[in-house]
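Both of the next two complexes hold chain A, though its partner changes from chain B to chain C.
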Partner chain A sequence: MAENKHYPELRKRLTPGWWTANRHYAMYMVREWTSLFVALYSLIFIYGLSLWATGSRADFLNFLKNPAVIGFSLVALVFTMYHAATWFYLLGAVAPVKIGRSKTKPWQALILNLILLVIVSYLAIWLVVLR
Partner chain B sequence: MSQEIATIRVTRYRPEKDSQPFFQEYKVPYRHDMVVLDALNYIKAELDGSLTYRWSCRMGVCGSCGANIDGEPKLTCASFLHEFKDRTITVEPMSHFPVIKDLVVDMEDFMEKLVKIKPWIIRKKDSLVEEGEYRQSSKELDRYQQFSSCINCMLCYAACPIYGLNEKFLGPAATALAYRYIEDSRDQGKDIRFPIVHEIEGVWECTLVGECSVVCPKGVDPMLAIQRTKILGATNAIKSILMPRGGR
Partner chain C sequence: MKMETHKVAKLHAILWGIFSLGGMIAAFLLPVMIYMTAIAYPFGLWPFSRENPACPSCLTLVRDPSLLVTGHLLGALFVFVTIAGSLFHGIFRFQSALTEVGLLKYRRALEAVGYFIIFVGIIVLAYYLIAWYLNGTIT
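For the complex of A and B:
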């Protein structure tokens, strides 16, 4: 298209509000934003652990009992679960398992992974706290 | 019975005359079996011969008639007027591509990407014709067939925000085509194609928005192809670290 080169280039580029254009884009953005809570929670948890490392277990537990920390943890839990669920679903979409002639569906991967998550979490809690 | 009317708002842009694009509205006699492309053809034949757009097969095969219809990338020949509310439809050129005129976009970048991934069967050594054809079982065909039905309509690029940010991104259709050859049992070009799809602007740019697969009119699922290519690349890298010699 050499003969067009001297005209100003017209091109519809991405605008900051691009993700509001449809539901899929918006859901993608929600998925990405929820990861922010995962990161924030990790920071808070690392701070709590540092209290334990430098001080005592009681400091750590008191920190965790702070209503603000409990409130944020609950919110973060909801968002983290949502974030995890989106990736479990995508995992099922990208890497379905062949069983006989049929392939597993994404929602099956979602449910299986959520069950595994609960089991692994319980084992971790049992190992660290309950035992 | 009075004739029903559909209103088509089309982007006009004539770079030799207009510094900015604008919308022009046309009233078209409506029929239930009409697609957007029929409406454009009516406009060109009866109302305004200067309207410019691409089309050829008008049956979802040639891939030349893509446009943003009410904001969504679609084939104009596969979008029925009756699917749209109020029979008022906005037709714009596909996003992210340079516009040459009206609805016609520059395909150069996409064409270069298609060639770049070497869309043909690569053999280490071609066998002689007398040796017969390269055989393939239906199971082997299954592994890539879906990814070979791309019609190069570029709708997936118009839907991809990553491509909108960075046009160097190899993008959905080109990766799907690369994956189609990577998974073809007759092909031996992995070592040549892998570095191409895994370079900086290759598959790892993709952040899994997934809209490419939503808009694809052929069920190619480029999103799947890109993620599978990532998995193959990662396992290959691990293998070559664990087994530097003959790990592939």
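For the complex of A and C:
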């Protein structure tokens, strides 16, 4: 109880629509809601695997070709890329690297991590599919 | 009481640590996973297709995403890490976001439902992959 007095939880004072007050808050909320698509894609993929486990490999592959699954996945990809970009930017803001007297900027972390994303993606494809 | 608070703080630190790791996994690995399953395979693009020698402008599907699971143990590990990490991160973050839009009084219920989905999802995923590994589907 005493701890609550010293550290009041700000969320208790927030109204449901507080995030519409300005663009910064709205973008924050959009970023948080991208996680819904990240979670749903994961659950949909697990469901696809369950079709394979209880049926056949063709069931899994047909599921991946279902227009609704493709449509949702494309939306999920857009939101996942948005998550990735904001996550990389945040990394640069939270943990800047000190080089000499100056510190790296968040946009530098964003660019570096986007390049890393391309490299990691290619490596993943090579390792999992092409090898 | 102090010991209890310390344990709760430690658990919170662990959960937020996994959340951050899941955020990195979702940022670095999930886009390529979605590309492979939702774009490359259904639309017959690289890396699941290659040029047809008889028709240089045509692409022929020569592989499919079941390779992600059955091609190599590393593929199964990639699927597990990507899906389990993204699921944890996504659910954890979404239930936290819901408490910020007027559902704070349902926090306990949201956490219970969220952790239940994470737990069941990861167990089911691990079960399928381990079963396929043990019966030789994953080589």
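Points worth noting:
The rule we apply is simple: the second predicted complex is superposed on the first by the 112 of 131 C-alpha atoms of A that agree within 3 Å, B and C clash if a C-alpha of one lies under 4 Å from a C-alpha of the other, contacts with A are read in each partner's own complex, and residues count from 1 in each chain.
One rule holds for everything that comes next: a residue touches a chain if its C-beta (ideal position, glycine included) is under 8 Å from a C-beta of that chain, and two chains touch if they have at least 3 such contacts.
Bear in mind the structure is a predicted one, so any value in this text is a computation, not a measurement.
With both structures placed on the common chain, the touch criterion links A:14 to chain B and to chain C. Looking at the shared chain after the overlay, A:94 reaches chain B, while chain C stays out of its contact range.
Applying the stated contact rule after C-alpha superposition, one finds that A:26 touches neither chain B nor chain C.
Shared-chain residue A:115: touches no atom of chain B or chain C.
Contact comparison for chain A: of chain B and chain C, C touches the greater number of residues.
By the document's definition of touching, of the two partners only chain C reaches A:41; chain B does not.
Of the two partner chains placed by superposition, only chain C is touched by A:49; chain B is not. Put simply, chain A uses residues 11-12, 14, 18-19, 32 to touch chain B in one complex and chain C in the other. Per the touch definition, chain A reaches chain B in the complex via residues 1, 4, 7-14, 18-19, 21-22, 24-25, 28, 32, 90, 93-95.
Put simply, chain A touches chain C in their complex at residues 11-12, 14-19, 29, 32-33, 35-43, 45-46, 49-50, 52-53, 57, 60-61, 64-65, 69-70, 73-74, 76-77, 80-81, 83-84, 87-88, 113, 116-117, 120-121, 124-125, 127-131. Those residues of chain B lying in contact with chain A across their complex are 13, 15-16, 19, 21, 71-72, 92-93, 95-100, 106, 108, 161, 164-165, 207-211, 214, 224, 227-228, 231. Chain C makes touch with chain A in their complex at residues 23-24, 26-39, 41-42, 47-48, 63-69, 71-72, 74-75, 78, 83-84, 86-87, 89-94, 96-97, 99-102, 104, 117, 121, 124-125, 128, 131-132.
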